[in-house]
Structures are given as structure tokens and as C-alpha cells.
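Both of the next two complexes hold chain A, though its partner changes from chain B to chain C.
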Partner chain A sequence: MTEPLARPKRKNPLKKTRVPMLPQGTRSRTALGLTASAAEGRFRLQVCGDCAMVVYPPRDACPRCLSPRLPYQDVANGGTLLAETTIRTSTDVYFRERMPWRIGTVALDCGPSVVAHLHGDLREGERVRLQFKLDKSGQAIAMALPTADTPNMADDPQWRELTSDPKYRRVLITDGRTAVGQALAKSLSEAGASVVFVGIADPWKPFPGEECLRKIERVEIVALDLTDTTSVNECAGEYAARVDILINTAEHVRTGGIIERKGLTIAREELEIRYLGLMRLAQAFGPVLRARGADGINSAAAFVNLLSVYALSNWPAYGAFSATEAACLSAAQSLRAELRHGGVRVLNVFFGPLETEWYQTVPPPKVPPATLAREVVRALQQGLEDLFVGDVADDIRARLAVSPKALERELGS
Partner chain B sequence: MSSPDLIAFAGAIARGRIEVIDLTHTLTPEFPTIVMPPELGQCAPFRMEEVSRYDERGPAWYWNNISMGEHTGTHFDAPIHWISGKDLPSSSVDTIPAADFIAAAAVIDISAQSAANPDYELTVADVEGWEGRHGRIPPRSWVLLRTDWSKRSGRDYVNMREDGQHSPGPGPEVVRFLVEERDVLGFGTETIGTDAGQAFHFNPPYPAHYYMHGKGRYGLQCLANLDLLPPTGAVILAAPLKIRKGSGSPLRVLALVQRGEKPA
Partner chain C sequence: MAQTRPPVQRLPYDGVVVGAPVTIPYRRYSTNSAHWWVGRAVREVVARAGLRRTDIDGLSLSSFTVGPDTAIGLTQHLGLSPRWLDHVPLGGASGVVALRRAARAVQCGDAELVVCVAGDTNHVDSFRRMLSTFSRFAQDAVYPYGSGGPNASFALITHNYMRRYGATREDFGKICVAQRTNALRFPHALMKKPLTLEEYLAARAISDPIHLFDCVMPCAGAEAFLVCREDVARSLGLPAARLLATIERHNAFAEDAIQYRGGWAMDIDEFYAMAGVTAADVDFVETYDDYPVIAMMQIEDLGFCRKGEGAEFIRAHTLTADGSFPHNTSGGQLSVGQAGAAGGFLGLVEALRQLTGASIGATVPDAKIGLVSGFGMVTYDRGLASGAALLAGGHA
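Here is the complex of A and B:
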């Protein structure tokens, strides 16, 4: 049974903060297929298009029939732990400060054997669930878990190294005026975050849900206006060193395409709140997050972007909005590369219309804010990097994978 | 040839016999702007981006790029701001005669009434009562409404409730009276607008905007320190930025007051 995590003590100010080191992070282009699977929490391996052999490790030709047709496909992740070993010393600068480390060989039911990291509750000979997870370098590694959940399972040190679990972490929600921001505050408090800072701009302006928000356990309201560089810098100055997970909940949803909008006032507001707001957060909080990626149990873990799925392909009914979301997605990709040096994950969450007043005229299905919040927490607990929430997001993504051009026409008709 | 009057005037300021009182709030990002329903266009708040601060972006100098709306912070309303003044000549900040930027002020104190009732409406009777004590308002002077609202901050200043803002201002009748019977230059307040918080529900809506600007008069709002001014005798310097076709502008508003004159 996993020893439950103890609430981390306050940091000893006389101790040096550990510099984040990364495990080896180079992969072949083919092997990056595993990274793509791990990013979304899927279990996919190459399956030979000619002889149907399931292949691991990733290869450019089938080892049985030499076919070059080796697409990744979802496969069953059940297997048996054949052998385990505990590594007690290493010359690798990342692993040597995390010893001991258990690894083992898992024989997958679908064919290949995989050397995997082992959850502490697993013993040799047991049945396992194998998952691909992103490690601190952002690359896929295999992690074997017990088939059924065990008590305090998420507190296993090797597992926690791969996740962004909010338990005992300090979270900043950047905009508490939105329904999503408020739902997230509740979900994160329930998920065991040790404090949930919630940013509020224009404190002179009352907002719906304010009383409920203030009553959520461990929520602390902070002054934060993403359109104001001074405000973001001041908030970071005061709180950045105590923020382990940052969730940007700022939104600005308005209808209208590029021509339909009269003037640029709303477009500027969109860009100020969303795109420039993201840049302000990244510049103010990013350097501190990146420096604290290995700072103990409550190390800096994740920067979460909430993105409309129309960032991927423009929906002209919300055309200018979609364009801003696309800018945010692009910035988030840059941010991901920049934060990776510190072992901090960027989680991009894609969703369609929400069950909120700004999508009033859009027919269902729409994502309720509480559902989105629950999924974000689950993605953090699972250490995901890309998350699609709701039927619309799944649908857009599937259609985009088949034909971007067809999707462009369909969204524009 | 130098003018003895003006030189004496400058000397009086230098010696402190004429006091210069700043009626302006500092431009900060936090200062509230007027709130419109969220689906409408909004007035941009004040923002500042550092260009350089003696650093790699400019080693020996510090400067900022700033942005804001025409109606942000302590600001001037030109007649063209309102639909009733849209066709008047010289109605934008760049074309208003410069002489209008310097004028005397009558300061009417309704701070006690406003403290008791945040929706207090200035009436003709209030103005006539003031005139009974201080004399008739001279033509082409500012009427400044002292409410002590500028001493409030944050939520109390905006005083936004579910049915909108609640702050004192003039009723329709008194605005017409000031324009038509007293020929005032403009109307100035300490609140976010020249009109009362609930003036959307007046007839006409926003009478200070409607009547003042409809007759080519001006507005000043978000003023401070009106409690330091005498009821009469102060001279106001209020020159907006010269923005082409500008509907208004943030500005520095100064009052010149003869030392020794007591506040209202």
C-alpha cells in the first residue's frame, strides 16, 4: 500500500532550491508517436499494416515482415509483470537524486514486452495496466500500474513524478469571475489543493457567484487583471513563488466574423484578455515556475490553458474569437517548449461551446463548466498535456484529422 | 511689450497668493471606467507598458507607452460626445475655442445630501438657494458639483448594484435651467459621469449629457479636491488634448484660488 503523502512543511528558507534536472529526452521521430499518445493518456502502439504484429519499441520497419506500414493504433494495455528490479545508484543526474527507482519487464497481452517504471504497489508476477506517461522532459515513458486502484495510489513517488496532481499543491486561477473559474476553484479545493488563489480584476465591479466563491474552502481572492501588465507583475511578485499550478481561465467570447465586427475595439479586448494576457502571465510567472520544477512534493507542476477547440480550425460564426484562440494555442506551444526546461507541463484543454451565457444562441451539446473543471482536474492528476472535453471538441478533432479542408468548409457553411 | 497684469498674476502664483489646486485623479490602471452592458463597446481603462527602464531596451532612459479611452480617469467631455451635439460647429476637442479652457467656477455643495442619499438629484431650488447665498452664477462659468464622491474608492465610488450605479447628479430640469437661464460653460462632477448613476431612467436619459452637449457646453468628470474650492472665485484651467475629432480627453484640471478664500 502506498504511504499517503504528508502535507509538505513550509519551505526552509535556508535551503537551496533544487535545480530542475530532466531525464534523457531525445526520441526518434517514430518514437514521438508514443509521446503523442502519452500527451492525451491513450495507449497506442505501432501495429503492422501487413502482418498485424504489435511492435515495441517503435521501429521504421516491421521486425517480422519488414513492412514499412506501422501506424499507431489503440491496443489493449493489459499485461503481466515478469520481472522487477530496484535501481539504487545511477550516474544520470536526474535519476541519481531520485533513487531508489523501480523498473520491470511487462509482457503485454497484445505481444511485445516493455521495460517500464513500476508503481510501488506492484509485485513481480502480478497483472498490470501499462500506461504511457510524459516524464519531466516531456517524452513518453511506460509506467506499470496495478490493475485496480489501490489506496493512496496517486501518492506513489514515481507516479507523482509523472503527474501534476493538485493534491497539496498551490493553484492560481487567473479569473474568478467566470463560471469556469468558479467551478475550477471548487474542484481544485476538493482535489486537495493546499490553497487556491483566485484572481479578480476590477474589484469594484460585483459579479455573480462571488459569495459562493469566497466560501469555498482554501480559496483566497487576489487582485489580478490580465489586461494590466502592472497588475500581473505585482501579483506574480507577491504570489509566484507559491504557485505550483497556474490555470488561465480568462475568457472573452463574442460572436461575429472578421467583416461582421464593426471596428477593432472588441478584437483588441479579445487579444488583450486572451493572447496578451497569456503572454503577461507567462513572462511574470513562467520564470519562477521554471525554477521550481523540482522543488519537493509541491514543486511547480503545470501551466493550464483553456482553449476553444476552434483554435484548431476557425468557426466563422465566432470568427474573430477563433482567430484569437488560435493565437493563444500557438503561444501555448512556445510556452510548452520554454517551460519544459524546468520540468513544468503545459496542459492545453480544448472544448466546444460552454453552457454559459456567451454561448446562449448555440444549440447543445454544450460543456457545463463543472464538467470542464472536473476534466481539468482529472487531466492534472493523470499528467496529461492535451485534453479534449465534450462531444463538439471530440468531433472537431476527429474531422480535422481526416480532412482539414473539409472541416474548414463545413464550419464555414 | 509685457502685460503688467499677467506678470503680477504669475508673481502671485509664485508667491503663493494665488494657490493652484489640482482637481485631477492620478491615471492608474485600477481607476474605474464607466460600465456599459458587456455586449456593448467599452471605454478602455488606463494601461501602461514599459518601453525601457535604463536597461537593454534603452540603457539611459525610462519611458512607457500608454493607452486609454477618451473618457478614462479625470476627463473632459466635448459636445460631439453626445448625439444631441453631433452637428454643432467646433464641437470636438481639437476645434473648441481655446479661451473656453479657462473660466470661473461656481461650486455647489450637495455633499451632505449625497451622503444621506446616493441617488440625490440636484434641483433648480438647490441652485437658487446657492445663488441666494453667493450671488447669481455668472454666464460662461463652470458649475462644479461637490458631492465628496471623490473621497470614496473602489466599490463605494462606483456603487454598482443589480439595478445599476447609484451616485448623485443633476435632474433634467436643473440642467436645462443652467444652460438656458444661466448660460453656463459646462458642468463638472466628482462621479464617473456628469450624470447621476441612475440617469439612464431620467427623461431624457442622461440629461447633463443631452442638454449640455446639445447646446455646445462641456463636461468634466472624475474631479477631485472640490472640497478645497470656494463657492465662487476659483478659476479653472481645463484644456483637453488636441485630438482630431476627439469626443473628449483625459486632462489635468487645475483650479486657481486666491489664498484666504474659505471653502464652501
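Here is the complex of A and C:
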């Protein structure tokens, strides 16, 4: 049984903050197919297009029929733990700091044997479910879990190393005026975050939902205006060293394409709030997050971007808005590469129209803010890097995988 | 489907001999390069055989740390001009594989005097660097899992073997202790202190069930030998052993979910048939002992007992050079050290010393037939390369 995590003590400011080290992140190009699956929490292996053999480790020729057709496909993740070992000595600096470390050989029901990290509740000979997760280097690794959930399972140290679990972590939600921001505050508090800082621009101005927000346990309102560099820097100066998960909930949704915008005012506002807001946050909080990636139980864990799924392909009905979202997505990809040095994950959350005022004219299905909040928390607990929430987001993602051109033309009609 | 044809009878290695066994004394760490170690070994073979450098017309090289060079770079580096050149990057199987290829070269006249050499250096950080880039599968699917190196991979194989066949740590300990007994009389062994079973059992865990004395010590060193025709050896006045049979097999039993046997088991009947001897005729055995479980597997797969009876066999024999079932008579890699690819030559070079009356350590009395086995290259979860050779002492 997993020992429950102890609430971290207040940090001694004189103590050195451990420099984040990463496990080896080099992979063959073919193996990056596992990384793509792990980013979304899917269990996929190469399956031979000719003889259906399930292949692992990733290869470029089928070892049964030499076929070069080896696409990644969803496969059953059940298996048996054939052998385990507890590594007590490692040549690698990252693992040396984390010894002892358990690994094992899992014989998958679908064929191959997989060397995997082991959850602490597993024993040799037992049935397992295998998952691909991202490690601190951002690459896929296999992790074997008991077939059924066990008490305090998420507190297992080898598991927590792979997740961004909010439990006992300190969260900053950057805009608490939004319905999504408020829903997230509630979900994160319930998920065991030790404090939820909620940013409010001009906190003296009342706003809808304020009373409920203030009532949520462990919520602390902080002054934060994403359009104001001084405000963001001041907030970071005060709180950055105590922020382990940052969730940017800033939103600016306006209808219309490019031609009928008539001037640049709205476009500037969009960019100011969304794109430049993200830049301000990244520059103010990024360095501290990156330095605190290995800072104990409440190490810095994640930077979360909430993105319209139309960042992936423009929806001309919200054309200028989509363009801004695309800019944010591109910036988030850079941010992901930059924060990886500290073992801090960038979670990009894609969703379609929300059940809010700004999408009033859009027909359903729409995503209720509470659903989005719940899914974000789940993704943090699972250590995902890419999350699609709701039917519209799933639909766009699926169509994009088939034909980006067809999607562009259909969205524009 | 191809038509079924009768298997081709392999030609015997008639008239092929092996001599000039050379060991350049190992060092835990070396500031010298692999080239330096290889050069010393080649020089020593030339001197031992009474040759001139220019007489060498065949070269076979095994090394992990000679990069970015390969065998071709070494010809210029060492000033050799061979007409036959081989590079055998097969780790623990290098010795047997280099030998069997060289044997065919001299037998067929492609070369007359082939020096087979294996050498590696060991800088302070070179072992870690090698582990992380050892193979694509290691990079993609092993090293990121705790980076325990071969200790972790063989811990999994050992644990499974123990559970499946009831072998115990005491059984593995007996192999290690007996090898240390042999090593105490071998001047080049890095391990100089006696080892008791109690000390073996009390050693610190490295990757359960692998403990300290189950592991080889990475070091720098070189080993080499000379392959030529028997008449050439006689004209040089060079004591040499005859080659009776060899086998080589890679990626055997890929369907086994975890390794409990090696490629030897596929070819063992043909191996002894080619030599015209049986396992009972073998006077001593040099197994590849990167971990004791692998030595035990070889004893089974090479036909000295049945699969799963390795532990029982170990219990019934002393394993010392002067006792019953002399095994790893110089102390093996477990006591001498593992000098990279030279570890794949260590048993072969020691066997040559035993068979040519040139033992420098514990001596097997009246040794006529020796068996040398190689194993290596864990690119993912198991050793892929295996091979074995039967050698006979004295001129026929």
C-alpha cells in the first residue's frame, strides 16, 4: 500500500534549491510515436500493417515479416509482471538522486515484453496495466500499475515523478473573473491544492461569482492584470516562488473575421490579453518555475494554457480570435521547450465553444466551465501534455488528423 | 517456400591453430586511449611469435572505445598493411567470433598470420557514456528506466531464473567464490583478496538480486592471440592449440518473454559432432561471466547438465582449476575485471595458455580439451550474441 504523502513543511529559505536534473531524453525518431501517445494519455504501440504483430521497442521493420508498415495503434495494455528489480546504483545523475528505483519486465498480453517503471503497489507475478507517461525529460516511458486502483495510489513517488498532481501544490489561476477561472479554483481546491492564488485585475471592482470564489477553501485573491507588465512582475515578485502550477485562464472571445473588424482596436486587445499576457506570465514566472522543477513534494510542475481548438485550424466565424489563439499555441510550444530544462510540463488544453456568454449564438454541444475544470485537474493528475475537452474539440482533432485541408475548407464554409 | 535441402556438412578447421595468448595487465582506470592498449597487445603478439610487424597480413579488432575509428583506422595508426581485415563489435562474443572468422581466412589462404585483438580503455566517465548510447533499443527503451545499466538488465534475468529453476544466491555465490580462488593465483587479476561465501552474501545490493560481487568491474586492458596454419606455427616454433569446432548464433529464442537460455542451445549437437567429442571429454570450461547467472546458463546450454539443473550441477562441483569441473581458471571477468570487448577474449586467451602449457596462474592438470564460450550485446532486454569454441592442446 502506498504511504500517503506528508504535507510539505514550509521551506527553509537558507536551504539550497536542488537543481532540476532530467533523465536521458534522447529517442529515435520512430520512438517519438510513443511520446505522442503519452502526451495524450493513450496506450499505443506499433502494429504491423501486414502481419499484425505488435512491436516493441519501436522498430522500422517488422521482426516477423520485415514489413516497413508499422503504424502506432491503440492496443490492450494488460500484462504480467515477469520479473522486478530495485535499482540501488545508477550512473545517471537524475536517477542517483532518486534511488532506489524499481523497474520490471512486463509480458504484454498482446505480445512484446516491455521494461517498465513499477508502481510501488505492484509485486512480481501480478497482473498489471501498462501506461505510457511522459517523464521529466518530456519523453515517453512505460509505467506498470496495479490492475485496480489502490489507496493513495497517486502518492507513489515514482508515479508522482510523472504527473503534475495538484495535491499539496500551490496553484495560480491568472484570471478569476472568468467562469472557467472560478470553476478551476473550486476543482483545484477539491483536488488538494495547498493554496489556490486567483488573480484579479483591479480587485476593488466587484464581479459576478466573487462571493462564491472567496468562499472556496484555500483560495487567496491576488492582484494581477495580464495587460500590465508592472502588475504581472509585481505579482511574480510576491508569489512566483510559491507557484507550482500556473494556469492561464485569460480569455478574450469576440466574433468576426478579419475584414469586418474595422480597425485594429479589438485585435490589439486580443493580443494584449492573450498573446502578450502569456508572454508576460512566461517571462515573469518562467525562470522561477524552471528553477524549481525538483524542489520536493511541491516542486514546480506545470504551466497550463487554455486554448481554443480553433488555434489548430481557423474558424472564420471567429477568425481574428482564432488567429490570436494560434499565436498563443505557437508561443506555448516554445515555452514547452524552454520549461523542459527544469522538468516543468506545459499542458495545452484545447476546447470548443464554452457554455458562456461570449458563445451565446453558437449551437451546442458546448463545454460547461465545470467540465473543463474537472478535465484540466484530471490531466494534471495524469501528467498529460495535450488535452482535448468536449465533442467539438475531439471532432476537430479527428478531422485534422485525416485532412487539414478538408478541415480548413469545411470550417470556412 | 524454399525446398528443403539436406544441411551442408561444415568443413572441419583442419590445420588451423591458435597461439601467442597475450594479456596486457588491466587497470581500473586508464588515461590512455584504446589505441594505446590495442597497440601494446599487437606488439606483444608480434614479439611472442617472433614476427616482424610487416609479417602480419590479417587483423581482427574488437573494441567499444576506439571510436571514431574502426579496424581500418587502426591499420594506419599501427602501421600495418593487412590483406584481410575484420571488425567484430560483438562484446562478449567477440573472441569466439573473431577466431572462427580468422580461422577460415587462414584455412582458405586469404591470410597467413591473423592477429585477433580486443582492447578498451576506461576513462573515469566512459562507462556511463557508453551505457546511454549502447544501442537504439537501449536509448529508447532501457536507459531511461533507472539507468541501472547491465546490472539492472541482468537483475531481471537473474530474478526470473531463480524463481523459475530454484537457483539461490548461494549457488551464484559459489561460482564467484571459486573464481576468486582461481584468481588469487592469476597475476593480472584486479581482485587480489580472497572472497568467502559469507562476504558474497553480505555484500551490498546493487540491483536486487544482483549484489556487489555478482558484478564485474569495468577496467582498461587488452587481450590478443594469433591464428595461423599449423605448419606456419611449427616453423615459428610457436606452441598452439588446434581448433576443433565453433558455433555462433544471434538473437536466438526471440519468442522467450524473458531470457533463460542462449543461442548455444540451438547448435550444441552439431558443435560437439564437428569436434568429434562430447561434453564429458572437456577438461575445462571458460564461460562468459558478466554475471554468474549467465555462466550457469552456459553450463546448461553447452550440455554439461540439463536446463534448470545448473544450480544442482554447481553444488556438485568445486569449479576450481585443480578440482572437479575447472571453470574460469584465471578468475574470469568477475575477478580479473572487464576490459570492455577484451572481456570477450579473456576466456579464450586463458584457454590458449592452459592448452599450450603456458599457464601463468592456476593450472588445470593435464588439460587437453578446453571449451570457450562467449555471450554479449544486451541491446534491449537480453544478450543477443552467443558463440563457443572447442580447442585441443598440443600438435596433432
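To be clear about the criterion, the second predicted complex is superposed on the first by the 412 of 413 C-alpha atoms of A that agree within 3 Å, B and C clash if a C-alpha of one lies under 4 Å from a C-alpha of the other, contacts with A are read in each partner's own complex, and residues count from 1 in each chain.
Simple rule for what comes next: a residue touches a chain if its C-beta (ideal position, glycine included) is under 8 Å from a C-beta of that chain, and two chains touch if they have at least 3 such contacts.
Note that the structure is a prediction, hence the values are computed from the model and not measured.
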Partner chain in contact with A:Pro57 - chain B first, chain C second, else both or neither: second
Which of chain B and chain C A:Pro365 touches, first, second, both or neither: neither
Touched partner set for A:Pro23, first chain B, second chain C, both or neither: second
Which superposed partner A:Pro4 touches (first chain B, second chain C, both, neither): neither
Partner chain(s) touched by A:Trp204 [first = chain B, second = chain C, both, neither]: first
Touched partner set for A:Pro68, first chain B, second chain C, both or neither: neither
Of chain B and chain C, the chain that contacts the larger number of chain A residues: C
Which of chain B and chain C A:Trp101 touches, first, second, both or neither: second
Residues of chain A touching chain B in the complex: 202-206, 225, 227-231, 254, 263, 265-266, 268-269
Chain C-touching residues of chain A, taken from the complex the two chains share: 23-28, 31, 56-58, 63, 82-92, 94-95, 101-105, 107, 113-117, 124, 135, 137, 139, 141-142
Touching residues (chain side chain C, partner chain A) in the complex: 127-128, 131-132, 136-137, 139-149, 151-153, 155-157, 159-160, 163, 204-210, 254, 257-258, 380-381
Parts of chain B lying in touch with chain A, wherever the complex brings them together: 29-30, 32, 35, 39, 41-42, 44-45, 47-50, 154-155, 157-158, 160-161
